[in-house]
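For reference, chains read A, B, C and D in written order, and residue numbers begin at 1 within each chain.
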Amino acid sequence: MRVDINSDLGESFGNYKIGNDVEVMKYISSANIACGFHAGDPIVMERTIKLALENNVAIGAHPGYPDLQGFGRREMNLSSKEIKSYVSYQVSALKGMTESLGGKLQHVKAHGAMYNQASNNYEKAKAIAEAVHKIDPEIIFMGLANSMMIEAAKETGLQTACEVFADRTYTQKGTLVSRSLEGAVIHDSKYCNERVLQMVKGGTVLDIKGNTIVLQADSICIHGDNPTAIELAKSVKLHLEQNGITIQSLKA
Amino acid sequence: MRVDINSDLGESFGNYKIGNDVEVMKYISSANIACGFHAGDPIVMERTIKLALENNVAIGAHPGYPDLQGFGRREMNLSSKEIKSYVSYQVSALKGMTESLGGKLQHVKAHGAMYNQASNNYEKAKAIAEAVHKIDPEIIFMGLANSMMIEAAKETGLQTACEVFADRTYTQKGTLVSRSLEGAVIHDSKYCNERVLQMVKGGTVLDIKGNTIVLQADSICIHGDNPTAIELAKSVKLHLEQNGITIQSLKA
Amino acid sequence: MRVDINSDLGESFGNYKIGNDVEVMKYISSANIACGFHAGDPIVMERTIKLALENNVAIGAHPGYPDLQGFGRREMNLSSKEIKSYVSYQVSALKGMTESLGGKLQHVKAHGAMYNQASNNYEKAKAIAEAVHKIDPEIIFMGLANSMMIEAAKETGLQTACEVFADRTYTQKGTLVSRSLEGAVIHDSKYCNERVLQMVKGGTVLDIKGNTIVLQADSICIHGDNPTAIELAKSVKLHLEQNGITIQSLKA
Amino acid sequence: MRVDINSDLGESFGNYKIGNDVEVMKYISSANIACGFHAGDPIVMERTIKLALENNVAIGAHPGYPDLQGFGRREMNLSSKEIKSYVSYQVSALKGMTESLGGKLQHVKAHGAMYNQASNNYEKAKAIAEAVHKIDPEIIFMGLANSMMIEAAKETGLQTACEVFADRTYTQKGTLVSRSLEGAVIHDSKYCNERVLQMVKGGTVLDIKGNTIVLQADSICIHGDNPTAIELAKSVKLHLEQNGITIQSLKA
């Protein structure tokens, strides 16, 4: 039994540093690297690609909205055509740079508001999936388990990776409870570990009302922008391994 | 006997339109497409790639400095590392988008201040050439004839295309006379036609002092941002063809 | 009897030119000048301010969303705090530059998606109004007649100028029919002239269903980005003057 | 006897945090606040202005080149007209926002490459000074002691504040030894303290060759982006006060 662990990396920009990519790389099997629209720049991208290659971590593109000031987290009303072009540009840039450095692009995962809007909006999800498919139909599309993104990617002919979250609660529909609501984030790392194990082995999780949701857990998203997050990452990885789960990238 | 005619296209941005790409495409065999740093955006890039494919015009990436406000024409003191990363990013983006649309990247030509600075600066020229080579050693490097760019590209192992200008005068060193100086631009289209023919057939041109310069003319640069420029393009193409020169892209 | 005519100007950016500001200045009494977020740059702003001063046209700031690529026309989900700060920044910049050149800021009018979203959203409208009021309570707030913007500005303690459109149709609620719908734009200039005169003199206009709407017409918005628009501007101005209406800026 | 202590603050951007403004505010009398071109954004600017007002620290604008990716530290070949407009825009924005919040702009100090280039280039220095003078001739122009900036500002009719550095060595010409050279930065805080005291009381400092340079010390620049820098700030302030020097803003 196996599962992937992914994290959003390469989010620094110019003189600005965010996250602790060196440390996080130790606990993950796939890296989602920002592509310069919401975060990242060409120098940061190359550095992060090299770091992933050195750590034998699979590389993914992490495209976002053109909104550096809002870190790609603010909803923008873009047309499908705009989303498709923006994704094509960003994924192409990251893919070419990765290949320049001797690597290969494994997957694509949308960022922030693009991810959230595409979770519930089939048209936007389809725009992302089509851009990816046109670049290379072998690229894996990573998206929220049970969301429109997985549906759209499958219909486009892409392989998919269903993403689950260790420390976030779920609504009855299987989407994430908004961070603005109480109870959205789970702070008990032991409970996180158990939830993750149940998602990976059992394919279910309890929603915020206590009902069982069925979900496929191909990849677990962890954060690395603070010491607590890194502790959780470490703890989740260890707990999975102690229970016989192998941590492996999606294509490994 | 053959020669390529190239032009800088895809320089619109968002709601802003520049140039008359539809018209210029008729007179050229290679298009240098802006990549979003000094001009262009993902929507414009896709539109221009499609237009080139429809017109059977070869596609090149036209990377520039990250200075939209200055249209990439202002000198910036970037390190070799920065130039290399910025070129890698931009060329990768344009290449991936071109392949997405069924095309293939033929060449790379630097834009504006990057082009000018690299003409006289071996280190900067080498940075561009190395970025291109790492992406794909088959990409042709287009640069000013007799400049550091051609030298650096050859030493990096790239094929080169020496660019000449129909309506610009040359210094004794074979570089372009600065636009800020008198006599930099030739306005007599008949004289332009003769100069171009001599460059292509004879491999020489008279410099601003009247001395003969030896230069290789693989590609002629034309502009298309005003009606006069388009007239010149048309006239140069016709004159070459009437003298038995075939207009062909670099790889055709 | 009097009315103001306003137009959005200074929308060029760097090497990119939009509109025909020199021509439009002849037919207006107030200029809304872009402030560098959705359009305009410091060089363009200064040039446009000077042009307005030379033409004795009153100067207004025209702040927008930070989205040059979308020309500020794409909805963004910004917080009130963000809108307030962004307006404060842009209006302060334009105001200071105007005063540097010997002028005085008359009014503020929001642009594009910010204008549209604030028309229907009291909270966003209030954020704009509060930013303006804090800079100078004497600045006039220009907004769509009958919209939330006028309401919020009044409650904030600002003077208001109700804006009407010569060539746009109205819904029953008094808002503009979306450009994406049939019949949104009126192309018959004679009919435009009559409508404008009725709005200014009678304070009413027929909505798209033919019902009468009451609206205050302090300022008429005209466009100047194409020859037809300039013809309409000229025609509207002439028709008003021939009917005894004086064209005057808001504070004149 | 008195002197000002200044620091560059408000350099965060969106989700990106730089520096420890809350801590640094304790040791300074004047804050140079970034204006959104090389660092800072409207939200950060307002927060920093409020913080300065709460700490009774005088407020200055800190304009830079339009190069967020390079933090305004990369030389750009801008015309005097461009520099003048860019400074006018940025200073106007910061001034208006400061006044909105009940404060008053005390001074302007250029940032990074703009500061360095204007130190040695009279034309660039004059462009900055003229922009400031047109906004308000009462604004104090802060610049490197003995540099072209001070000269240009005086000739423009502005009051000047000569800036000195606690931990940097000087060339024989009185300019700073480039950070890229050995011995540019002094790490012995005790020696820094003595140098600063001598500059303030004696008006001299030893250059890197050991010769005496005459320089006026109106304001001491300190950094606050790391714990060592804050320790030095604290130490310099204490040493000055223990020697009877009052730390006061320029206009206090």
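Please note the rule applied: a residue touches a chain if its C-beta (ideal position, glycine included) is under 8 Å from a C-beta of that chain, and two chains touch if they have at least 3 such contacts.
As the structure is a prediction and not an experimental result, all values here were calculated from the model.
*Asks:* When I count C-beta pairs in contact, which pair ends up with more: A-D or A-B?
*Replies:* Comparing A-D with A-B, the pair joined by more C-beta contacts is A-B.
*Asks:* Rounded to the nearest 5 degrees, what is the angle of the rotation relating the C-alpha atoms of chain B to those of chain C?
*Replies:* Angle of the fitting rotation, chain B to chain C: 180 degrees.
*Asks:* Taking the mean of the CA coordinates per chain, how far is chain A from chain D in Å?
*Replies:* Averaging C-alpha atoms per chain gives centres 42 Å apart.
*Asks:* Taking each chain's centre as its mean C-alpha position, how far apart are chain A and chain B in Å?
*Replies:* Taking the mean C-alpha position of each chain, the two centres sit 39 Å apart.
*Asks:* At least two other chains touched by the same residue of chain C: list those residues.
*Replies:* 41, 69-70
*Asks:* Mind listing the chain C positions that touch chain B in their complex?
*Replies:* Chain C residues touching chain B: 13-18, 39, 41, 68-71, 73.
*Asks:* Across the complex, what residues on chain D touch chain C?
*Replies:* Listed in rising order, the residues of chain D that touch chain C are 36, 41-43, 45-46, 81-82, 85-86, 88-97, 99-101, 131, 134-135.
*Asks:* Looking at the complex, which residues from chain B come into contact with chain D?
*Replies:* Residues 66-67, 69-70, 74-78, 82, 113.
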